[in-house]
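Here the chain labels run A, B, C and D in written order, and each chain numbers its own residues starting at 1.
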Amino acid sequence: MDIMQVLALVIPAAIYAGVPLILTALGGLFSERAGVVNIGLEGLMISGAFIGIVSTLWLEGAGVGAASPWIALIIAAIVGALFALFHAVASISFRADQIVSGVAINFLALGLAIFLTRLFFGRGQTDYIQNRIFRTNVAGLSEIPFIGPLFFSNAYVTSYVALALVFVVYYVIFYTPFGLRLRSVGEHPMAADTMGVNVNKMRYVAVMLSGAFGALGGAVFAVTVSGNFSATTIVGQGFMALAVLIFGRWNPLGVLGAGLFFGLAQALSTTGAQLPFFSEIHPVFLLIAPYVLTIIALTGFVGKNAAPKAIGKPYIKGSR
Amino acid sequence: AGNDDNGTSTGDGDGGTAETSDFTVGMVTDAGGIDDKSFNESSWNGIKDFGEKFNLTEGTNYSYVQSGSIPDFEPNLRGLVREGKELVFGVGFLMEDAMRTVASQNEDAQLAIIDMVVMNEETGEPFENVAHMTFEEHEGSFLVGVVAALESETDQVGFIGGMDSDLIKKFENGFKAGAKAVNPDIEIAVQYVGDFNDATTAQQIANTMYSQGADIIYHAAGGSGNGLITEAINRARNGENVWAIGVDQDQYEDGIYDGEKSVMLTSMVKRVDVAVADVAERTMNGDFPGGEILVYGLEENGVGIADSTQNLSDGIEDQVNEYRDSILSGDVEVPMTDEEYEEYLNGL
Amino acid sequence: MDKRNKFGKLSGLLIPIISIFLGVLIGAILMLISGYNPIVAYSALLRGIFSDSYYIGETIRAMTPLILAGLAVAFAYRTGLLNIGVEGQLIVGWLAAVYVGSALDLPMIIHLPLSILAGALAGALWGFLPGFLKARFEVHEVIVTIMMNYIALYSANAIIRAFLIVPGERTESIYPSASLQSDFLQSITDYSRLHYGFVIAILACVIMWFVLWKTKKGYELRAVGFNQHASKYAGMNVKSNVVLAMVISGAFAGVAGAMEGLGTYGYMSILSGFSGVGFDGIAVALLGANTAIGVFLSSFLFGGLQVGSLTMQQQAGVPMELVDIVIALIIFFVASSYIIRWVTNRIKKGGI
Amino acid sequence: MSYVIEMNNIRKEFPGIVANDNITLQLKEGEIHALLGENGAGKSTLMNVLFGLYQPEKGNIRVRGEDVEITDPNIANRLGIGMVHQHFMLVENFTVTENIVLGNEPTKAGRLNIRKAAKEVAEISKQYGLKVDPYAKIEDISVGMQQRVEILKTLYRGAEILIFDEPTAVLTPQEIQELIGIMKKLVAEGKSIILITHKLKEIMSVCDRCTVIRRGRGIGTVDVKTSSEAKLAEMMVGREVNFSVEKTPAEPKETVLKIENVTMKNSRKVEALKGLDLEIRAGEIVGLAGVEGNGQSELIEAITGLRKVDGGHIYLNSNEITNHPPRKVTEAGVGHIPEDRHKHGLVLDFSIGENIVLQTYYNEPYSKMGILQYPKIYEKARELIDDYDVRTPSEYTEARALSGGNQQKAIIAREVDRSPDFLIAAQPTRGLDVGAIESIHTRLIKERDKGRAILLMSLELDEVLNVSDRIAVIYDGKIVDIVDADKTNEKELGLLMAGGKRQKEGEENRG
């Protein structure tokens, strides 16, 4: 098996394993850049996966057909934004400890999603959707030598959407007034306040965006890979997304890199067993590689002061 | 003590069931749940068939409890026993320990376990209050192995297992033996997911196998198998000529894409439903097969190849039937373990 | 900032009670909307906790690892650290305890303590690394502990698979000399899985309280937790205290794992996912205001609800996930105590 | 007479305290109006009310004769009110321009137009002579420039009324002169200014009128021309103020602390001490004068072992303590009243009692065999609370609940009670009222007379001049000069602090 074949196998797998993490981490980026810790990403992903599947099923039932999962993605993002309001209200208005509130979100999302699943379907998992978002070859581009098989063959369109979103988010965060304000709120809310930026409003918007993106991440995973929803659809990906966010130093491009890195490690851990060289490594080392490498990377090269300064603290007007 | 009443009190709810029997049967699923498209579902279908046949009410006479994870098995089994269910099924070999504990604590209970023989360590015999239901999966797997080898155009096939265990090894070795019987040079990729409920990993494994040239993959991975089907559909939609082989039930429906086509070449059916209904009926009639090791093989129609044959090439069924006959006649001894498989290969 | 002691000890109790009430209330509303009868459901839930010695035994059994996991989180929290890695520490503790319990054959008086100690040490080791990285490289402990959870899960599974596996996807059973299981306890609770671990859990509560509040080391750990700068100024070794805090926290978690291995199961099976106990520990600790007694009480709430939810599902047909929702709401309200305090202050003012 | 701002009968409460009680302040167009009061009198609070950060419980505000309700800084901005805060409100990792335009950004097709913004910033900065580098990051520029950024922020928004909250506290005398020039220029352009400062001399030199508040109450407004420093001080405190501290001449004995050629990098890896020498003897107070950021904090960190030095030696009573860990240094006989009491001095969530034993908890009688002896600890706490007049409900009260002055007293009690040979007092009276200041000064002098060596670090030149026996001037990481406190004055110190050279005595005579 030549190197090209290995790459053609691993790279697309890395991309589609990484995309849900990247999307969710972008969500975390909004909220943490605005100063609100979001350990509830896991819960947001769960809500997205659940809504993504349920609305696809519902749309299919209504005869929408192949467009169902796409519309479902949008619905999931909207519902996710609303669901994130829990976290927003608790941690911004009610001044809850943001970590605690995030933990509550995780419990709530899983409990509610499974509760509703049982209510709607009478058992612990939903039906399978018929109209998944399937992989396709991108017409024309997949023929390009070298690049084609790696990036344009057998790919989910959602991956390109995610990639585009990375750059959109990058632009918004660093090149728009909204982004400037968002960052100022996470760095020095009082300064932002004195400059007429409505701190709490910005934070609400940021947390809701994190809900939208987190849910989108979960929904993309659900409608491309898992095809149904159950308690085991999202297990730990949200925490991984948090790691991606920190690893990516709260920067959209960093998130992209970190997400692909995790995706690659994950792809290798399953694909490796059938690849030359990797098959000689005990599978457990491939399995734990992403986590070990993250720790090493955090220790070695990722500086410590990248976190937004005001992160984790509720903003109370006039407090000193 | 208060709890013993509860089992019956739930039954008080609906009146007017004079004709129906008041036999009660319960079932504990493993983490897969009753729509895992695999043996949990199959077992439940068996109970439902039984219930319908005898006009029993779901919820009152027959019900199931879903386990979230292995630690739930024991309390769930015990819960049903405590409720006073007259027969309690534990679905899957993973329930061995839980079944052993519950069986030894409740000598009067009537229990049944699928895919396992639970030994009573004190007597060295299978538990007397448990019906031990096993299947000759290797035999059925042999047949789909034959199909795979006959249908493969690349002479490469794959097998995806759920958890690396004695039970799933039976599937693997049977399949490999069948494929080699047809084509001794065929390449067979084998990988285990490590979980019966991780479709994502299974999909990546399938992706790799297909990419490496396998065109037919058989799975014995419960819920994880859905990952294989997803991957096959993904590829088939893009015009690739790939197939999947299902397990436990006829999975033809699960492989449908583009409206009418299906990626399921065939399935190795394991008639857990028939076996479950059989044990339930015997128990209701006072013939609880406690202590017996019930074996369901080709002969008993406990395993076999699925009814859906749309995707099979002409003449395949006949060839399969020839192999079936030689297994039944004892001409072919299908290997179950790795050692037996090695021997089998040497004997080819 | 509002002053902390505004209404002192009372609020310490009032807020959890109000939160529980609100959580249960919203749970009831949810059931009504979903077409269940909340009264039937809650009474089944309560029956599933109290009605029978079996359920009481099961509740205590469920509480045992929760207490220890909660103590692990609370201990770290008191020293300014957020230990999300209890889950992983629990897994390695479980494995180590079972290994010692099944590989060695010693008299009980040595074997049992040794097995528990093995669990504690393994957990401590798993806590040491995040503590060390935090102290030495200022790597955030949250992220490292999350990573360590996965490493623990996969490594433990791989070790079992490679070295310890017996049919049934699990390790050998431990020797009775390392077991916490007790025929006596099982017989008085109608074959629940109650074991002597609860004695250890209660002991651990006392230890946590004593170490933290009565010893000079505890004083240092708390000081470092509240204010690293002042602690350094006062001559304390901040780094070694951070490491020590994580080590002790990890040891509690490791013992929680030992309870599963030596008490509830007597072996360790290959885990297809996290046990969840470690994550529940976070909630238990927060709900218990990170005090020993609080952790004990909130473990009772958690353990009871979880055990009772089985009966609720069986008898009232309400999915047991309802309990998760109620728990989430309770955490949510406890966290939002500011608003509860604000409202109660309003009511108080209005009343006077 | 028309006022641009009228704040009438303002009342603002915080939990447990009335910060502003019926205060009235009227600002005329084109004037510089001083707002004077002790620490905690409520000046910042009043200005935050005007700026929309706080909502008053009572009273009304009129801007240019019209009743307004300023519920938000946005509204204040719109009304042309700008504020330069006591603690800078700058986002450290933003550039100067980004800080200035935040909340009011020029855009081009939805995109932040930073180039245009920078150009505008450059224009205004030229217009008012406020030199800044539009593209520099805040964390990289000097305090003086940061302040100019703060001023530019208000001007960028077209502020007509500027509030300066203690702008001079952090500046060198030269920078203060510059700032005064800028303020005059602003007034000449038709702007009106409210200036908060504790420095009476500044009020006398630039302000037209002065409003005095005391303990949250308005005392009155006076014309500066017809008033005097002494009169303002009396209004402010409510009694005649003794500006100097009573003490006898020092009788220095043997050398206690000796610092030789110490070099050290600070947290930002910048060389902050560059070969510093200093000697302090028993029975004397050496004041450390310098503009913030010239190595004072680092010097203290070096002595106390909080940060490792890169070169040089530190001796205490002839024993080397260079790079010893803080505990060793403490045990060797160094006491330290830290500059930042919340960061270093106290564990705010601990009780007063627990804080009292912060350095000694591990010794008998407070600890036996690893177990804390709480009765002994609280006994000690009670004793010190009485001795040092710490006003607290009890020794079990959390330190957080005490007022700043009382927190400081608790720290001083703790440090002095250990009777160290050498005591560092860093900004010991920051944020305290005159009563507390007086008692602390007396306490320091008493310790001196007992034969302790004391290093007093303060940004208040008055304090340094009044309490010290000798004054060491620190500039750019070195002690550039040491002068006798009674042979120098504020002007000379100011010059030295800015890096100037003292004229030789002979030259001075000639000049």
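Keep in mind that, in the parts below, contacts are C-beta pairs under 8 Å (C-beta built on N, C-alpha and C of every residue); 3 or more make two chains touch, one makes a residue touch a chain.
A quick map from chain label to UniProt name: A, C = Branched-chain amino acid ABC transporter permease; D = Heme ABC transporter ATP-binding protein.
Note that the coordinates shown come from a computational prediction; the quantities given were computed from them, not determined experimentally.
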Quick one: which chains contact chain C and chain D both? A
Comparing the two chain pairs, does A-B have more C-beta contacts than B-C, or is it the other way round? A-B
In whole angstrom, what separates the CA-based centres of chain B and chain D? 77
What is the distance, in whole Å, between the centres of chain A and chain B, each centre taken as the mean of its C-alpha atoms? 36
In angstrom, rounded to a whole number, how far apart do the mean CA points of chain A and chain D lie? 46
Sites on chain B at which at least two other chains make contact: 31, 197-198
Residues touching two or more other chains, restricted to chain A: which are they? 232
For chain C, jot down the residues that touch at least 2 other chains. 157, 273
If two chains touch, include that pair; go through all of them. A-B, A-C, A-D, B-C, C-D
Residues of chain A touching chain C in their complex? 39, 86, 89-91, 93-97, 99-101, 103-108, 110-112, 114-115, 118-119, 232, 235-236, 239, 242-243, 246-247, 282-284, 287-288, 290-292, 294-295, 298-299, 304, 307, 316, 319
Interface residues, chain A side, partner chain B - complex: 1, 5, 8-9, 13, 17, 123-125, 127-128, 130, 132, 134-137, 154, 225-228, 230-232, 267, 270-271, 273-275
Can you list the chain A residues touching chain D in their complex? 171, 175-177, 179-181, 183-184, 187-188, 190-198, 309, 317-318
Any idea which chain D residues touch chain C in the complex? 15-16, 304, 306, 325-331, 336, 338, 343-350, 354, 358-359, 361-362, 367, 370-372, 398, 400-401
If we count contacts the way the header does, which residues on chain C are in touch with chain B in the complex? 47, 51-52, 54, 58, 157, 161, 167-170, 191, 193, 264-265, 267, 269-273, 275, 310-311, 313-315, 317
